[in-house]
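Two complexes come next, and they have one chain in common, subunit A, joined by subunit B in the first and subunit C in the second.
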Partner chain A sequence: MSSLIPKATYSAPDLDESKIFTPGDGIHTTDGQTTQISDIVINAGGEDRDKPTEAKDTPLGHLRAELTTLQDQINIFLTERMKQEKNKQSEQEEADIERRILDDGVDEDDSD
Partner chain B sequence: MDSITLPYSLQLEVPFETAKQAIIAASTLSPDPILKPNEVSVNYKSDENKLICQFQAVSDRVIRVAVSNVIENIKTIIECIDEFDGKEDQYFN
Partner chain C sequence: MTVDLDQYVKPGKGHYIALGLEGSANKLGVGVIKHNIGPLSQTNRAEVLSNIRDTYVTPPGEGFLPRDTARHHRNWVVRIIKKALIEANIKGTDIDCICFTQGPGMGAPLQSVVIAARTLAQLWNNIPLVGVNHCIGHIEMGREITGADNPVVLYVSGGNTQVIAYSKQRYRIFGETLDIAIGNCLDRFARTLKIPNEPAPGYNIEQMAKKGKHLINLPYTVKGMDMSMSGILGYIDQLANDMFGKQPKKVIDEVSGEPITPEDLCFSLQEILFSMLVEITERALAHVNSNQVLIVGGVGSNERLQEMMKLMIQDRKNGQIYATDERFCIDNGIMIAHAGLLSYRTGQTNLINDTVCTQRFRTDEVFIKWRDD
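And now, the complex of A and B:
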């Protein structure tokens, strides 16, 4: 196991506690899930010409692979939070429209 | 920078083999300008053998982009150090 372990600590106003990211004990590679070219391009037979080189079997090589895992963890976590925020906003907008129509009797299609 | 307007924060700690390598990493990243300082701030420093990157941003979307870009740059720095550090005789003579 590598002796150089990267770590990240995230905090946001809606979180009671900070979220800590560490790569963990799994297999780490420089081929990140969230840093590849898009699935659409891959499925169309596209090739990632900027694909990173494989990690060397050195402490810094392992660090680079573990940092890729950490990057994936952060990207996936924050993307999920962005989705949740978007859903919350959509629900809020729907509730606002419903309230305006039902409580104020406003017709959205009425241009007058 | 007013931290109230940038409520989302992330601290990234990357240990290197030596303090010198951490200083090189911080010095390499520092000149890169922040394109939207009203939306995100990034501070780089070294503490012994660790590179510490402190991000503050206006939203999750902005902090995600900033962190992922900086990690990409750090990976390149690590690869360069791994390839060249201590090998001056091998490559430059």
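And now, the complex of A and C:
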């Protein structure tokens, strides 16, 4: 059923054009890479009793599996964006530290 | 004048059926309730058609993280709903309204459950949605199950500690915790002692406390009608770390000269915390001139708390204590269905764009349209 193929669009002020996500071809499952249980639980000796059920071979079942793929793509994309944002912030902070040390906190542009 | 609860009944129907979804913390609950038309009374009680719960359990020493709890709810919600419908012997289209916990609670778990509610409402021909305050769910279900008419409510759970009384269509908060909830205090101490989280950390503390013999000195922090527990937790955690940490230190009971055990610590923590609860509840009873206490919330299933409350209430004229068992005390879907259905019967429903969950949602924000006493 082609009408049940999910699609997601992401736009943000700093992006020139919207990013479109589609599940694409391939094998889709409900066992997403980015929706696993936390390592903290596993490292503490826990087991994963909450795995999702497998997708059924029905239009809704296929939609579930494809949505999981889509969710993985979005999660990876957004995590990457957050990382970039964080890097930008720390670069900015480093520049601030350098400026404070070299200029003793005095911004020449603001001095008048 | 009594409130007309049947203005919105479907033509030709003599009853209402509501589905309730709860997931504000680590329990995922789904319940189906039936109300016959007419006011609820001793002869016209709400009927529990099903009440299924699944709890997200973590290894000893670990709390439940929002992300993994939400994942638990997401991955179980469809299975649990199916089970609840089968047990209630109804179809989705028999339902008058879908009720969900709108808050207070943990953001991510609340979100997972509301998505299920919205999806089902749309799948089943736009069934009305009703957002329910979790605390109101506990109170209304407690009243319905026990038959308590107008009690002072002690609401004690992992996320909430409040003393509540009804006045002029609001459940008003007379006293509450100033920092952490009582269940949170007990659960976190269970983590310090590495007590298992199954079936529940509080239950395991209760069992250990039964074997405790020595009462150790802990801070007692009632402040007016409110109480504070983080300092007590900090104190007893430090004591436990000293006793069972890397360099264990023996602590001796001053009276008997016997060593203090983990059981003694559990016993002492319970005794002190529960005494504080009894004190503020008794004061609230005096304020509102009531003689009924209803205990709700997960910690309300603690038998020692019930016993201590009973000792206090017995000294009051015609004093009565009401409590429910774990099916209704511990978070469940049926209470959400029940309180949501009362809302629905007075015409209060949520449009889909008004179903956003909120982590902060105080008990006294809700207008209790179904009561006018």
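The definition used in the following text is that the second predicted complex is superposed on the first by the 93 of 112 C-alpha atoms of A that agree within 3 Å, B and C clash if a C-alpha of one lies under 4 Å from a C-alpha of the other, contacts with A are read in each partner's own complex, and residues count from 1 in each chain.
In the analysis below, a contact is a pair of C-beta atoms (placed from the backbone, for glycine too) under 8 Å apart; a residue touches a chain by one contact, two chains touch by 3 or more.
In this text the structure is predicted, and so the values were computed from the model without any measurement.
Enquirer: If we overlay the two complexes on their shared chain A, which of subunit B and subunit C does A:82 touch? Say first, second, both or neither.
Expert: Once the two structures are laid over each other on A, A:82 reaches subunit B alone.
Enquirer: With the two complexes superposed on chain A, say which partner A:35 touches: subunit B (first), subunit C (second), both, or neither.
Expert: It touches subunit B and subunit C both.
Enquirer: May I ask you to decide whether A:92 touches subunit B, subunit C, both, or neither, giving the answer as first, second, both or neither?
Expert: In the superposition, A:92 touches no partner, neither subunit B nor subunit C.
Enquirer: What's your read, subunit B or subunit C touching more residues of subunit A?
Expert: B
Enquirer: Pick one for A:46: touches subunit B only (first), subunit C only (second), both, or neither.
Expert: After superposition on chain A, A:46 lies in contact with subunit C alone.
Enquirer: Applying the touch criterion given at the start, work out whether A:74 contacts subunit B, subunit C, both or neither, answering first, second, both or neither.
Expert: First partner only.
Enquirer: Pick one for A:6: touches subunit B only (first), subunit C only (second), both, or neither.
Expert: first
Enquirer: Hey, what residues of subunit A end up touching subunit B and subunit C alike?
Expert: Correct list for subunit A: 35, 52-53.
Enquirer: Can you tell me which positions in subunit C touch subunit A when the two form their complex?
Expert: Those in contact with subunit A are residues 56-62, 65, 67-68, 71-72, 74-76, 78-79.
Enquirer: Can you check the complex and tell me which residues of subunit A touch subunit C?
Expert: 35, 37-38, 40-41, 44-46, 49-53
Enquirer: Residues of subunit B touching subunit A in their complex?
Expert: Against subunit A, subunit B makes touches at 7-17, 60-61, 63-64, 67-68, 71-72, 74-75, 78-79, 81-82.
Enquirer: Which residues of subunit A touch subunit B once you look at their complex with the stated criterion?
Expert: 4-13, 30, 34-35, 52-53, 56, 58-61, 63-64, 67-68, 70-71, 74-75, 78-79, 81-82, 85
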